[in-house]
Structures are given as structure tokens and as C-alpha cells.
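Okay, so subunit A shows up in both of these, paired with subunit B first and subunit C after.
Take a look at the complex of A and B:
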């Protein structure tokens, strides 16, 4: 950082001043920036392209007060900031993925300048290309399976301690049964869908406080589905929903292949 | 807490797909996506991010619950 400050005081107007960084949203292959139609990125900055040998890094300038290490540590704890950043990042990724094979970057991947982006894309060219090969022509679907909650209204108060304990035990038994049924259903759902997918990836179950569902999530899986099987996948989900009324099946998509944009170890 | 959305970005170019629930989006943006190393100023990595997300989200949910 000290070096940067020194450079600035020499008066040469740097392309990117020390207080600005270059935020990399995604790397696409053979993307024409015009196809994004003047898309704006975080903070309404212009999205620009940094090209290296067929790979197109989509970048915009961000303020390092906001996206530097210090600022980020603070901002990540603020949900309103996090949502704005995530939505802004996603808008660029969605637009790119709609027109070209696209590997989304992790949130807040920030470089000092375009040369840094260029060097990294050159160094990682083969690994990024491998990711693009994997996701090209594919979309991501999210499928979750949750237990249905019994909405038995609390009836009359228990007439005795024994009655109270019996009810509690029954309730616990019902919950255990629900969980077991849900795991069985989830396995059947997965077996039916995985055949239509090029890859699948298990994600941690989400906290019920965040999902808006009272049930327990027993299955949270991302499927990488070839675009031409999208309709078949959606139809299969529809059939499964009809066949498995004992659980709640929550399927969303198609999305950019976020869960499958992971570099293999070199 | 009112959540302000990145309306400006979406107005400029509406995402072609259906909007992703924030919890799903954060799972992906903080848990997956290409993590580059090398010539980088900032790069988020590691499972601590999932904790960050959960802390932020749960705190908000709890705040809203307290208020109602």
C-alpha cells in the first residue's frame, strides 16, 4: 500500500488510483461486451472486458474503502450491503451467462488493476477453461426437500402428567417418522433427477430461520443440467412433487452454474 | 430492517432468469464460484464466510422478530 501512495504522489494519473480496485464478476468465453447492452455493475460503474486469449474477464471499478480488506470485513456483516453486492454481482453474471459460457467468480474478487486481472487470467487460463468446458450449455437447478410439519393444533390441556408425557412422546415419534420419510423421499427424488444432470453437488441444509419453511431441510442439492434437458428436468420435478406429497419439494432454476464454477486442483 | 435492493443494476438489465432467493444466492456467492489466487487484492475464501452470512441473516431475522 505504501508503494501505491508513493506512486500517486509523483503526480502521474494512474489508470486506477490506489483507492480504486477492479472487481471481477465472472470470466466468459468469446463474449462480445456489446451483447450485454451497456450493463452497469456495482455502484452503477460501467462493466468492462479484460481479454486474454479467448477468455473475457468482466470487471468494473470499485472503491477500496468499500471493497478493501478493512471495508469488506465491516460490510460483510451488514445484510443490506451484502444483498446489494450479491444482487449486483448476480445481475452481471446472469447477463453474461445468458449469452456466453460463463464462470462466476466468488463474491468480492478484487484486483489492483487490469494488469493484475490479465496476469491471473493468463496464469489460470487452463483451469478456467476447464470450468467453462464443464458448464458450457448447462444451467443450474436447485432442488430442496423438506419435511412437512404437522399442524396439529394443541388440543385440550393434558389431564395428567402421564397424559402429557404420552403426548410428548407421540409428537417426538411423529417428528422422527417425518424425518425418515423425508430422507427416503429425498433419495428417490435424487435418483430420478441425477440421470438428467451432468453433475450434482450437495449444499449444506439451510437454517429454517432463513428459508421461511418450518420443516427440516433434508436435501439441498444443485444440479448441473444441459440446457436442452431443462424442460425434461422441470417436468420430472413436477412429477416428483405429485408423487411425494409427504414432503415439500422446492425446485428453483434455471440459474447460472454458480455451484459448478470451482477450479480443480492443479 | 428494510432491505434496499440493487434496483439500479436490475433496471439497467433485468436478469433473464427468475430472481434467486437471497439465501440461495449467498450460499453460492460465498460458498462456491471460482476462487482465484495470484495477483489479487481481495479474495474471499474459506468456510468462515458461510458463518458471516448466517450471522448477518439470522441477526436480521431475529431483529425483525423482536420488533413484531
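Take a look at the complex of A and C:
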């Protein structure tokens, strides 16, 4: 880097290197980039590999106007930008996790250049390896349990004040019963599934406007399931769905092991 | 059993609802913002800002009262957030304003 090259003295600088950064999506082990089939990352940039001692960092170039400190501060406040970035990030992580043990990074892990990525992968090598050991051969499944909402049928107007109050009380009672039933069902769902999982992690309930569902989410748990138990897990979910018509059970996967990619304290 | 209840997140098939995108957006944000390995890159995105953003997203779509009614109060116990309580209060003020704007005008918040 210290040596200057003579031919760059003429003409305007084409592009200052500082305007581009390297975005790190995930770190895999033993991943062959060809297996991703020319996958494109954020901004349709090529996904490339930065290798350090068996670890493969998946990176692509990003514009630092967009992904630098200032740009991110601004962009992270925009839900439309965030959705695009989140989906782009997830697409690369999904593709990698489908073909190799993969530890996803949190959104917006950005370096100046590949040297920065290399330095970090070297520094964190053992901790990342430990995560990969834990998730290798496993998939994450997301299971949620929600109360069913009753569409209140349009009823005739209450004939009296007492009648009105009675109806209101019945409606409240029904809601309370639904909640209690849902918590009981959620416990049974968890008991049935946790035995098939290597680990589980409780996540905060999601808000109804993002899920598009009006019911109360009483259970939102990520399960780390050994791949050879995936079918058994799916079958168990199917049985539970049949057994618990009183609630909505929503199971999705396989996810990359986002919820289990946690660096242990050094 | 014809209905397994399982679906691939990318496929967007839903077991309980016919609006695939919002649901998987919630799942994706929950994971890419809250989960995954935290490593300090060269770009100093303050992770606290991201945590705050997560709060904002949740609060933008569920009012504080509604969230607490539902038993969602995890942000109160998040040490990363409580150290920045002052900042959070400011954020919340902005947030309330934005919720009002959204409620008033339909806004861009994907509803």
C-alpha cells in the first residue's frame, strides 16, 4: 500500500476506495462459493468469500454512502429500506445455510475492506468455530401459538341496559377463556416439541400489525432441530395442529440458526 | 393429515393467514435485527441504535399501552436499553409523535 504507482498520476480519480465497504453476511465452514450459484447480495453485488483458516466469510461490496455510519443511521429509520436490506441479508444467509454450517451475522456488519474482515475472523476464530460446531447439522424452526379471534356476528341491538352489560361481560369472559386456553395449549406444544430439539429460545411476541394477525401471540419460540429429526418435528407439529383446534399454530422453517448464533464469552 | 402446518419461510405459505409478506417480514426483522452474531465492524453502527430501532418498529405498530396489555415489556429489562434510558425517552417522544402521524394519516408503515 505504501508504494505509489506512476500511472495513476494522470486523469481524475475514478472512484475513491473509501466509498465502498465490505458487508459481512455470515461465516460458514467449508463452503464452496460455486454452491451458491452466482448469488447476488445487497444492491445486486456479487457475493464473495474471504477465507481465514477454514472459516469462510461471505461478503459483498456496499456503498458507504448507504452503509456508512451516517447512511445507516438515516436508512435504519426507513422501514422500506430496512425491509430490502433485511431480505437481502437473509437471502444470502439462507443460501449459505442450505449448503454449509453457517453462523449469521447481525444486520449491517460492515468493514472498510477485506483486511478488516480477515482480521476479525482471525480474532474471533475460536468463538465462531464454537458456534458452527453447535449449529452444524441443525436447522432453526419457528413455532408460534396464537389465540383465535372470534368474528363477532352482528347481533340485534340489546333490548335493555342489563342485556347490553350481560353481553359485554360474556364477551370479556370469552376473551379471558381464550387466553387461558391458549397458554395451556402453548405449554403442551412446547412440551411436545422441545424433546425433538437440541435447544430452544423464547422470543418476544410479535406485534399483530407486522404479523397481520389479530390474535394474541402467546408463544414464539425458536427451536434448534437436528436435521435428521426435521420430519419428526414436522409430524409433531401436524399432530399438534390437529389436537389443538382452539389455537392457531404457525410453524415455519427451516431458518438459518439465527437465534442460536451467539458468541460465548471469551 | 393433509395439512402439516409447516412451510418454508421463503415460500411465504402461511398456516394461519393469507398475508405472507408481513408475517415473514416480522420473522426476518426479528432475526436479522435481534439475533445473529454481533461483531464490531469497521463501520461504527452503534448496535444500541439497532436495538432502539427494533423497539421503534415494535412500538410503531403496537401502542405502548397495547403492548403492555399483551405482556410485552421486554424493552424495560434490556440492559442495553436501560443504560441509554435518557436517549430512549427522547426516542419514545419522537416515536409517539410518529405513531400519531401514522394514525392520523395512514402513513407509509406497511399497514
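FYI, the second predicted complex is superposed on the first by the 249 of 266 C-alpha atoms of A that agree within 3 Å, B and C clash if a C-alpha of one lies under 4 Å from a C-alpha of the other, contacts with A are read in each partner's own complex, and residues count from 1 in each chain.
Here is the rule we go by: a residue touches a chain if its C-beta (ideal position, glycine included) is under 8 Å from a C-beta of that chain, and two chains touch if they have at least 3 such contacts.
Keep in mind that this is a model prediction, so the values were computed, not measured.
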Clash-or-fit label for the pair subunit B, subunit C on subunit A: clash
Touched partner set for A:84, first subunit B, second subunit C, both or neither: first
Touching partner for A:213 - first (subunit B), second (subunit C), both, neither: second
Partner chain(s) touched by A:76 [first = subunit B, second = subunit C, both, neither]: both
Which superposed partner A:251 touches (first subunit B, second subunit C, both, neither): second
Contacts of A:30 with subunit B and subunit C, given as first, second, both or neither: neither
Subunit B versus subunit C as contact partner of A:195, first or second or both or neither: neither
First, second, both or neither for A:137, with subunit B first and subunit C second: neither
Partner chain(s) touched by A:107 [first = subunit B, second = subunit C, both, neither]: both
Partner chain in contact with A:241 - subunit B first, subunit C second, else both or neither: second
Touching both subunit B and subunit C, residues of subunit A: 21, 24, 27, 64, 67-69, 72, 76-77, 79-80, 82-83, 86-87, 89-90, 94, 103-112, 116, 120, 124, 128, 131, 142, 203-204, 206-207, 209-211, 252-255, 258-259, 261-263
List of subunit A residues in touch with subunit B within their complex: 21, 24, 27, 36-42, 44, 64, 67-69, 72, 76-80, 82-92, 94-95, 98, 103-112, 115-117, 119-120, 123-124, 128, 131, 142, 201, 203-204, 206-207, 209-211, 222, 252-256, 258-263
Contacting residues of subunit B [partner subunit A, same complex]: 1-6, 8-10, 12-13, 15-18, 20-36, 38-45, 49-50, 52-62
Touching residues on subunit A, where the partner in the complex is subunit C: 21, 24, 27, 64, 67-69, 72-73, 76-77, 79-80, 82-83, 86-87, 89-90, 94, 103-112, 116, 120, 124, 128, 131, 141-142, 146, 203-213, 216-217, 234-235, 237-242, 248-255, 258-259, 261-263
Interface residues, subunit C side, partner subunit A - complex: 1, 3-10, 14-17, 19, 22-45, 47, 49-50, 53, 56-58, 61-62, 67, 70-72, 74, 108-111
